[in-house]
Each structure stands twice: as C-alpha cells, then as structure tokens.
Amino acid sequence: MDLGLTEAQEILKTAAADFVRQEYDKDTLIALENTPTGVTPELFRQVAALGWLGILIPESYGGTDRSLTDTAVLFEELGRGPVLGPHFSSSVLGALIVLLGGTEDQKQELLPGVAQGTTVLGVAVTEPNYGWIPDTVQMPASRQPDQYVLSGTKLFVHDAQAATHLLCAARTAPPDNGSGSGISFFVVKANSPGVAIRTLPGWMSQVDEIRFDNVRVPAANVLGDTPGNGWDILEAASMGAIPVLCAYQVGSCQAVVDMAVAYSRTRHQFSQPIGRFQRVQDHIIGAVNHLDAARWTTYEALWKLDSGRDARSSVHLAKAVTSEAYLKVCAGGHEVHAGVGVMREYGLILHTQRSRTLYHCLGDARYHRRRLADALGW
Amino acid sequence: MDLGLTEAQEILKTAAADFVRQEYDKDTLIALENTPTGVTPELFRQVAALGWLGILIPESYGGTDRSLTDTAVLFEELGRGPVLGPHFSSSVLGALIVLLGGTEDQKQELLPGVAQGTTVLGVAVTEPNYGWIPDTVQMPASRQPDQYVLSGTKLFVHDAQAATHLLCAARTAPPDNGSGSGISFFVVKANSPGVAIRTLPGWMSQVDEIRFDNVRVPAANVLGDTPGNGWDILEAASMGAIPVLCAYQVGSCQAVVDMAVAYSRTRHQFSQPIGRFQRVQDHIIGAVNHLDAARWTTYEALWKLDSGRDARSSVHLAKAVTSEAYLKVCAGGHEVHAGVGVMREYGLILHTQRSRTLYHCLGDARYHRRRLADALGW
Amino acid sequence: MDFEVTYTPEQEAFRAEVRGWLSENIPADLTQPVDPADLTLEQYHKLRELGRRLGAKGWLYPTYPQAYGGGDLAVDVVMILEEELDRYGLHLPPYYDSGGRLGGASIFVWGTEEQKQHFLPPIFRGEWRTWQLLSEPNAGSDLAGVQTRAVRDGDSYVINGQKIYIGSLYGCEMMWTIVVTDPEAPRHHNLGWLMIPYDLPGIEVRPMELLTAGGEGGASPGLKHTIFFDNVRVPAFNLVGGENNGWQVATTHLELEHGGGGIVRRNRIVDQFLEYCTTTKHNGATLSRNPDVRDDMVDVYVKSEINRLFGLRTYWLSHAHRPRSYEGPQGSYYRKITALEIAETMLRALGPYAMTNDPQWGPLQGLLEHYQRAAVVGLHPGGTTDIQKVVMSRRIGIGRAAKEQAGRLR
Amino acid sequence: MDFEVTYTPEQEAFRAEVRGWLSENIPADLTQPVDPADLTLEQYHKLRELGRRLGAKGWLYPTYPQAYGGGDLAVDVVMILEEELDRYGLHLPPYYDSGGRLGGASIFVWGTEEQKQHFLPPIFRGEWRTWQLLSEPNAGSDLAGVQTRAVRDGDSYVINGQKIYIGSLYGCEMMWTIVVTDPEAPRHHNLGWLMIPYDLPGIEVRPMELLTAGGEGGASPGLKHTIFFDNVRVPAFNLVGGENNGWQVATTHLELEHGGGGIVRRNRIVDQFLEYCTTTKHNGATLSRNPDVRDDMVDVYVKSEINRLFGLRTYWLSHAHRPRSYEGPQGSYYRKITALEIAETMLRALGPYAMTNDPQWGPLQGLLEHYQRAAVVGLHPGGTTDIQKVVMSRRIGIGRAAKEQAGRLR
C-alpha cells in the first residue's frame, strides 16, 4: 500500500503547477473564460510542446503513453487554474475513443496530430433530448453509396469550437436491432460543408450547439470496423476519461479551498481574522471534506484502472462524488468570501462557472449513482 | 389574516400545558416509556375528565366537538411531554374513522365511550408488507353467514395494547374489483378469542404485533354500510388526523429546542456558556428552522381543513416536513447535549425514541412528498 | 388562525379602482429584462415615470401618512395594490429603490419633524430614487466597523471614504450612509447617519463587475458601484437621529434588510419552474412525469412553501404589531440558503438547459440561467447567512439569558 | 499509488499460521451479542482468555516491541492478523480495552524506561484490561478543564474527584486519567497523567444508564460508569510523563481518539445492510429492486466508501510515518456524522423494521435496531463532532498562519 505519488508523478505535478501558475494568471483566465475556445493558439502550442497533449497516446502514434494516474496528476493541476480549452475533450476523451474504437488507419491519421496539437478532437454525443443513455442519440446517419449523410442538432457539446475534427455519434440503426446500440461514431471535419457550430450563451463556457445540415461523410470515416458499436466505444473510453475529468475537478476544488483558507487569514472583521469564527471554519471544513472525498474516490478508481482491476463501480463512485463536490466546494467558497467572491476580477467565479459547466459532462451525479448500483450487481 | 390563537385556544393551551407539567414529569415519562400502553389508568381517567378524549367528537356522542385546530393546540402540548398512550390513536384517528365511516349505531356504541375513556380504539392497518397503500393490506376477512373470519398478522400497530376495540382493516374483496379498494374496517374487541397482541421490542414504544387466529367477527361489525370502502374512510380520516399528529410532533420539537436553549445557557465549557460557540448556535438554529417549518405547514393545513378549503396538498406537505423535522431536531438536540443527552435520566432520548416511533406512522416523509406531487396535479 | 386576507366589499372596490388605474398607467410596451443588467434606459425612464404617478396618488409608499407623501392605507389594502402590480410582474416601488424603502423607514422612525417634512415626500412621491451605502472594503459583516469619516465643519459635515456594492443602473437622486462622526467614541456610539445628494462635488461613482447584481429586495439592480467621497460637504441638517446615534438609526433599516418586515409575494421563479416542468416535454414525455424531476419539483416546492410561510408569519407579526424576535433573520437566512439549494435542484432537474439563456434553448427566456447566478450572489446582500445566524442566536438567547430585541420599525 | 497491501509469500505463510492458530484458540461457541449490553460474563471470560493467549504470542498489541509484551510485527503483517480476526467478527484487542490501546501508546511515547517495563507488559499481554477516565461532569469537550485533584503526599498522590462515561461491563484491572496536579499553574500546564489500579480503597464505581454504550473503538462496551475518588492513594511512580506534563501525554491518546491512527476495517453493519437489501423480499420483490431503496443503498454505500478511504488514507499516513495534519479528526468527524445519516437512511429504507430487534421481525438479529441507537450515542465519545472540527480548523490553519501539529504517536 502506498498512497503517495511516484517520483515521476511528482516531477510532472511540479512542472504542470509551474506552467499553470506562470501562463494562466487570473487575468488571463478571466479574459479567456467566455471566449469560444477558452485557449489561445500560443498557449495550446505550449502545452503541446510539453508533450501533455499526447500523454495518453502510445509512442507509436507520437505520444508519451503514460498511465491514467499520470494523466490525472496533470489534469489536477490544470483544474487548479481552472485552465480552459479542449485539453480534456481532445487529448483524453477524444483520444481514448479513437484508440479504443478506431481502425489502425484512423489512429495513424488522427492521433499524432492530437499529440502535436494540430488536430483537435471534439466529442459530439448529446442532443436536444439531453442524456447519457443510447436512446437519447437520435440523429440519423443516412447510408448512401460510399457515404453517410448527417442531419440534425448536437447540443451541449464541449469544446466543439476549438475542434478540427468532430467525433460525432449518430444512429446507423434503430435501437434494439440486435447488433449493439445502433450508434456509430463519425469522424467529421469541423469545417465540412453543412456543419455550423455556435457557442451557447449563459453561465457555462465552451459549450456549443452543432447543426448538421446534410453533411456528407465518407463511409471510411465511420470510426472502427463495426458500425453500430459506437455506444460501447463511448462507454469504454468514458471509463478511462471520467476519472481524469474528476481529477481536474479535484484540482479545482483544491484551488477554491486554498483561496478560502488564505482569505480566512487575511480578511479581518470584528477585529480578528474571519477564520476565527466557527461558521467560517465550518464552510471551509465542509469544502475540505468534499475535496478529499473527491480526491480519494478518484485516485482509487485510477489505481484500479491502471492495475487492470474491475473499476466500474469506482469510476461511477468517483464521478458521483466529484461533480457534486465541485458544486459544494464553490458554495463554501462563496460563503467564506461573501461580496468579494462574486466580483469578476477576484477569480472565484471562474470556478463556480466551471463547476456548473462540468456538472453534467459524461453524466451527472444522479446518473452515476444509478450506474453504481448496477455495477455493484444489486 | 390572523396567525395567533383564539382566546379559547389560549385557555386550552394553558390548561394542557399545566396538566402535562404537573402530571407528566420526566421520571413519570421515563417509567412509562417502555410499558405496553404508555399510560396509567389514573392518568388516562384524568385526561378523560378534562374532556380531551372527546375533543373531536360531536356533543350528541358525548364529546365537545371542537375544531381540528383546537385539537392540534391540545396535542401540541401533549407532544411536549412527550405524553405517551393511545390519545391520538383512539380519540383522533380512531374517532375520525368511526365518525366518517361508521353507521349511526356504531357511532352511538363507540364514541361516547371514547370520549369517556372507557372505550379505547386501536387502528390496525399495516401488515408485514408494511406500507400505506391499499395493496399492502392483504389480510383476508372470509365471509360466512352472519360473520367474518379474520386470520393474519397486523404489524407495527400503534397502541393496540391499550385498546378495548380494534379498528382492523381487512380485505373483503380483491384489489381492483371495481368497487373501491376491497378493504373494510372491522370493529373487533381486543379481547376476542383468537386475538393475540404483543408489544414489539426495540427502539420504539407502544408499537405492537396483532395476530388474528380465526377471529370471528359479527357481520354487523363491518364499519359502515358499504363494505370495501375502508381505504376511502382511512384516507378521509387521515386528512384530519395527520395534522393533529404533526402538531404533537411540533410540540415535541419545541420541547427539544427549549431543552437545548436552556442547556446552552447553563452548561459552561472553555469558561463560557456553550451557547456562545457558533457551532452550538448552529445546531439550535437548524432545529428552530425545522421546528418552525413544521409548525407553520401544520397550522396552515389545519386552517384549510377547518375552513373547508381543499387541504390535501397542505396535509401532505405538513407530514413530509414534520416527520423529518422531528428526526433533525432530535439530532440537533443531541449535538448540543453530547454525553448528557444519551443518559436515560436526562429525558432527551424520550424524544429521540418518539421521533423514530412516529416517523412512519400514517406514511413517512417520502410517501407524503409523492402524494404531495399527486395532490398538486403535476 | 386565518392564513388569508379576507377582503371587504369596500376593499374589493378599491381593487377594481387599482386595476383600472394600472391598466391606464402602465405602458403596454413596458417589459422588464430577465437579467436586470439588461434594463434599458428607456425601460428605466418608464418605470420611474410609473413610480412618480404612483407616488402622486400616495400608492408608492402607501402605508406612510399622506402628510409625508404616503397614502395612509391600511396593510390589507396595500396587499391588494401589491397583488395587482404582481400581475404585471411589478411591485412597490417598481424599480430599485432600496435606499428609499429602508431609508424612508429609518427617517420616519428617527428623523425630526423638520427632517421628515424635508426628506420623506420626495422619496415617497417617487421624485427621488435613493441608494443605500453600507459596505466598505473593510466593513462588510462587521458593518459597525465602517471607516468612512464625516467631520463637522460649521454647518456641514465633510465626508471622506469609500463604499462598495452600491446602487444599480442609471444613478439616483439621493443616497444615505453611516459614517464615523466620533473616532474616539466606543463602538456603536461613534457613528452618524447622513442623507447625501448624489450630485455633490467630490463624489465619484465607479462601476463594479459582479456575477450578477440581483438578490436585494425591491426591483433587482443591474449593476453595482464603488463610491468614493473626497471632501464631500453635506449640510449638518442631513444628519438623521442625532449626534453619534447612527447605529440606532441603522437598527431600523437592518431589521428590514434582515427580513423583519416579512414577505407576502410568491416566488415567481419557482412558480414558473414548476409550470415549465408540467408543460414541457423532454424525450417525448412531460418533465413532471419523470420520477426524478418530480422529486426535484417536490423538493423545490417544499422549500418554497416554507419560505412563503416564514415570510407570511413575519409579515403578520410586523403588521399586526406583535412582538418580533428572530423571525426576520430566520426568514432571510432560510430564503438565501434554500435559493442556492433550489438553484442546484433545478440544475439537476433540467441538466445543462438550466445554464443557458440561449434564445432557442434557454428555458423561460433565460430566467433560470439568471437564477443560477442570482442564487449565488444573493447569499450576501443585506447580511450574509452567517450574520443572519448571529442575529438569530442573540434573539433566541442561545448561550445568554438576556435576549436581544428586534429593531424598531414604527 | 497502490490502495492495497500486497503480501509476500512469507506473509501469506504467516496468514496460514494465524488462521490455524485462531481456529484452535477461538472457542467454537464464542458468540458476541448484537447489543454489547447483552454480553454475558461467560462470553466476557472467553474473550479475556483469548486476549491472554494472543498476548502471550505478542499478537494482542503486535506492533509494539517484544520487550514490552508486543510482537515486533510490521504493519502489513498486522493487517493479516486483523483480517483473519475479522472473519470471526473480532479485532484487536477482542474486548473493550480502549484504555490499553490509547494508554499503552501514551506510556510508550511518554513513559520512563522503568514505567514502560512496569506498565506495558501486562497491558500488551492481556493480563490487564484498562479503562480510560477522561470526562467529568464539568469537563467534556473542554477536557483540559478537569477538576479531579491529585495532591502529592510523600511517595503518593491522593486523588479526589469524579469521572463519567467510563468503562464497560465486568470491571477492569487498571485505569488511567488526567488530574489537576497544580491548581495554580496555567491551563494545559497544571495536569498530571496517572495510572490507577482498579481495586484501590476509596474508589466507587456506579453504573450509568445510557441509550446504548457503543461508539468507541475497540469492542464496544456494554455499560458506562461514574467513578468517584475519595482520597485514593496512588504511588507517585504511576505519574507518566513527568510533573504537570499530563496534557502533553494526553495529546497522544487524543490523537488516536480523534482518528489519527486511521481505520482499515470495513463497516460490517453497512455491508450487512446492503446484503440484507439484496437478499430480502418485501411485498414480493427484493428490496434492492425498489428504486427508492436502491437510491438509499447507494447513499449508504457512497458515504461508507468515503469513510473507508479516509480511514485508509490516515492509516497509511500514520503507518508510513508521513506527516499527518487534519486527517485524523476529519475521518472521525465524517464517520460520526455519516453514521447518523446512514442510520436515518436505513430507517427510511426499511421502515419501522429498522427499529425493532424482535426475534421474528427485527432484521439481522436486531443489528440495525442497535445501530439506530449507537449512531446517536456515537456522536460524542472521543470528542464531539464540534471538537473534531475545532481540531481540524487549527491544523488546516483556518484563520491562522501557524498550523497546529498533530499529536505524537511514536
């Protein structure tokens, strides 16, 4: 038993923390928050140069092939920022979908670019009937000789504005036709004729609507050799991707806790630091408990995945705990900070917005609690 | 708009409070807590002499015919004790069932005795398949010429040990036979051959098992003229009875809050009254919020009932809020009192046990939340 | 008990009068934005004009004496006014005027007859809108620790200092604040309460960018400001409540800020959310038929009902002149904390739809998206949740035999 | 990271040895009651005998040096011992001996060599069972405010005072407590830490009736007592840690009481509840197929998993000699507060069945009924939830730059 990081992980953690601190100061993050992509080309190039966009990609495809736990250590530091942009969508979820579902040709075509940051993947699954079960994917892919035609709307897609290629789930067969979910992933260039991507306004960032208007996709762009198994690919990729997303949220929670603890020392009211008041202490303690619950459920899931154990129940547990934790930690942060916490320039609401943006991504807490019960065989 | 008590209610409240304070000191309550009936014949006679057992019963049947709100004012004070015994089962729930469902002869036969305390009603509905929906009543009442034969087990029946007569729900027809629920109430003398009543051991009081072994009940003892409408009678009686039960729990919550506030002043730790610590304050504030939520939802339901308004959603709201409130208020009380609160002689655990005993009675919080949604027509 | 106002025929006749008057005086094209930050200048002017018309009839601050510009109306009748305005999504006053609502009450309780004659009519007739100035960079929860100074100089006070989280869009005519008038005096006895015209030399108003500026009573403001005082000269006449008595004056408006007046308005956002769920289909089925959404709706409804009952209870105590204790801050605390919980429950019920105000996809024209933000921001104005609990504790007498009294309202 | 102990072949051989030894030494008829209050004298004697046999092998307190009666065993090996005992529903020590577990650690850290030689072997070999005496009528959360006095008189201390919530059924051989040794000295510097034989003249032991007496580490006690000291004379040799240094000694056992050692045991009650729900039918269907019960099960499971991970994390920190901070009291706080929540959730899931220990109707032989009571009682022993948060705050450094250090364990 050893719950510490390895030396290599400590080095990665330090490098990532240094990068985030140096390149992503608060003003930069505030400026990027409500941009369509959440990142600048220059910043994205820097991350690529550090090798972090290929962290999960095998060396044969230009990556560094590190473990999910290593990847999580990196994303925990990105979450502290919170660094925005398509890092997770492209290099984790997108890369895993291609790795697990793509043909050799598709991997060769897509993954080196992902690792270099020249190819950016966006994963388009959800539709106006929002949800993370196969039935909610209804957009048809009509088969024609040598090509498919996609028409419909994908909604609440993360980071589509930053993507060069969309991994788009569409229906090649009706549900329950005996051959898988009837859903296939299509590799669609974001600049294909008929694709219109639009950032959704509101209290979330880099969440998009994509309209497909008779978009023609070559048949070779169906991901993998087996049409109709798209949902299985998504499920398998999600198992690895979710705890990395959780680790990002753990880093975010840690950042909010750190802000609150610091403020509890420097802010004085009634002639003492506010942190001397038990109510203020309890807001922070509540946040710390959520943070640590998120942290240890997340890292246990990662350990199970990396060591080849059955990790399903742990992954659902981690996501259920972590999505909820980020909401609650932000609430605690706001209680501690009161007025100053809602000033845009202060930076706390970067996290509050992020906690909402990510809450439903790949399934919300309630969804994963139900999946947890299933995974435990009850 | 007037949210105060009437003068008559104030007088009743004072009389009830005086009675409880004088006759039900802590040692008496502790001694009665785990007895089969929760009351002594002498104490029950006193309550009868004060007219309180007939408070809901029309004058023509020997009662004083006061409103549900008046009754609630009385039961709020009884709840402060908490006074145990069959006051609610017999004089509220039982009396309402007879009033709403009984024939004139049955009312004449039963209600004057209930008002005098010589007849004590117990309401036996639930069975090993515990629940408050008609399907869970499965005990058959077999029709024979001039009589019915009851066989089966009623479980978690309140105050059966104190009862002279059981109002026992049994099935005279299968469900969904087109004529009501198929459930009828039978008036069964508690000392009928074949009836065996046993107090259930555990952390609850005056909750019983009743076994019916071929108990013969004259056909005339079916409550009312219409066999099979027993569930409708129960529903109608519950509408009035539930907020009175809630008022009892409100009084209980008030008693726990009062204990906690008093202790916060007299108990010193770290050279000051413990109530100076914000954590202790917050335990009490949480309890006060639950108490007041229970109080006002309960009294609004009572006002709607007494003024002839549609009260269904308010009744469900009150029960959902109040059952939960009593649990939470006791938890807050224990946090404030720590060790001394779990000493039997201190008296707080009288309430903790009571909060559990009553939690499911006539449906728990979850049940009433669902019923609330139905009542609102969603 | 009686949980409802019962109206007499005379009162119902008044309702008819109000209804007619409103239909004539509320412009047909008067709409209000979902996010108060989107209030246009044109909309603002229409609301101010409506306020002046209401004020001319004594209906803007209707419970106050006509002698000061009020309407001398009984509270039951005022509820009719509020109910009828509510049909237009408006209430009294119809724009952000918390300084008038809270400051008017304070002047009414603590001002001299001369001050009442001078200050109340323009407030109550809608000629002034008034901002309250309370928080400072170093004085939030610890409001009595304000540092803005007012030094007596002849017939004037000279003010220097800084106030934050102030006001709304499009300025005001009058402001008031508490200031240190005697730095040597003990805490709570060192303050003055001053009325300050908005356009005096030396006042600088600088906008603050917040997540949203909602959350206060009255129409929500669209923006907050920092206000700097640089040797601002105010007539000594404007000191209300006497020398170094500012904290006493403040107890009146703090009592109102802490919920001491109660609330009888329904929560329109909750009502609209529930209606939305019962009328909107998702995946082919009405949202309210989804068991999870149904449970969420119940959760929202139960909390909202408790808020309604707490507000009603306090309103009755306050208007029936019954003894008040912890009820105001209890209602305020519970409303704030459940607003955040309700927003989270809506987020669970509606998924990411709750976060967008997209014209096509945002539910209720973005009302719910704005509520997500407003529920966070709303935790703090008028006293944090922690401060409400401080006040509750003192008044319940937790840990102390002597219970603190509620602030004077009349 | 590695969340599991990986056992070497040598260690697995040790497991086989343990398994064989236990099957020979644990009486086949050794059962333990659901409610510790029902422990019979015969059962108690069997457990004590098992303790002595384990002690003779150095397995009772296996991490301590053999020189003091321990087993010099590494922590991974000890986990094997614990796992194998757990198969019998037992752990180390197999009866209530919190005074030995906590006091042994304190003597080990703070005692002189002579004191260690004298006190530790009988504790670690199971010859003594030891009670801790901490709370007094006026000193609970404020433990440093104890009033029991110990006055030096020649080679003895003479003790007068009263301690409450002490011990379990069937007495003990040894007790320890903190006492005021210098009433003039400042707080935290006025205390001594004393070992006191149970059978000294002047000691009176009077039972206290509680809701249940569970909740502490070690086998739960079945009963608590008030203990009165009336001029009880104890050798001065028994003062551990030196003059007026008792609070320092206490920081060691308080750290353990506050969870600083971590926990690796599973929550057997939760496991059994979940299994009960997946195997028991109600109204014709397995409980776990009822969506509400299923949600309740998840709620219980999630909290239980977080408790397990917090305990494992602290266990690792403690045994890998990593810096510890707020983790112990965090685990303790979270375990206490979720125990109450879990009990309430079980109540909702099972209805009134959760409240009865009836032989026919009570689930799991009344285990859940007892848990309902134990969860309430368990909020307080070893530091209330509020005190755990006091300690957490200091160690996290909320409101203070200097973080308080965790208590010494080795």
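As written, the chain order gives the labels A, B, C and D, with residue 1 at the start of each chain.
Please note the rule applied: a contact is a pair of C-beta atoms (placed from the backbone, for glycine too) under 8 Å apart; a residue touches a chain by one contact, two chains touch by 3 or more.
Keep in mind that this is a model prediction, so the values were computed, not measured.
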{"item": "Maximum centroid distance from subunit A, chain identifier (CA atoms)", "value": "B"}
{"item": "CA centroid of subunit B to CA centroid of subunit C, Å", "value": "42"}
{"item": "CA centroid of subunit C to CA centroid of subunit D, Å", "value": "53"}
{"item": "Interface hub residues of subunit B, defined as touching at least two other chains", "value": "274, 277-280, 282"}
{"item": "Subunit C: positions in contact with at least two other chains", "value": "389"}
{"item": "Topology of the chain contact graph, where touching chains are joined (line, ring, star, complete, other)", "value": "other"}
{"item": "Residue ranges of subunit A in contact with subunit B within the complex", "value": "277-279, 282"}
{"item": "Footprint of subunit C on subunit B - complex, ascending", "value": "1-5, 69, 261, 264-265, 272-278, 280-282, 284-285, 288-289, 292-293, 296-297, 299-300, 302-304, 307, 317, 320-321, 369-370, 372-373, 376, 378"}
{"item": "Residue numbers on subunit A that touch subunit C, as the complex places them", "value": "128-131, 135-136, 155-156, 200-204, 207, 209, 268-271, 274, 277, 279-280, 327, 331, 334-335, 338-339, 342-345, 349, 352, 356-357, 359-360, 364-366"}
{"item": "Touch list for subunit D against partner subunit A, complex", "value": "1-6, 76, 274, 277-278, 288, 294-295, 297-299, 301-302, 305-306, 309-310, 312-313, 316-317, 320, 322, 326, 330, 333-334, 389-390, 392-393, 396-401"}
{"item": "Of all residues in subunit D, those that touch subunit B in their complex", "value": "135, 138-142, 145, 164-165, 208-212, 282-284, 292, 340, 344, 347-348, 351-353, 355-358, 361-362, 366, 369, 372-373, 376-377, 379-381, 384-386, 389"}
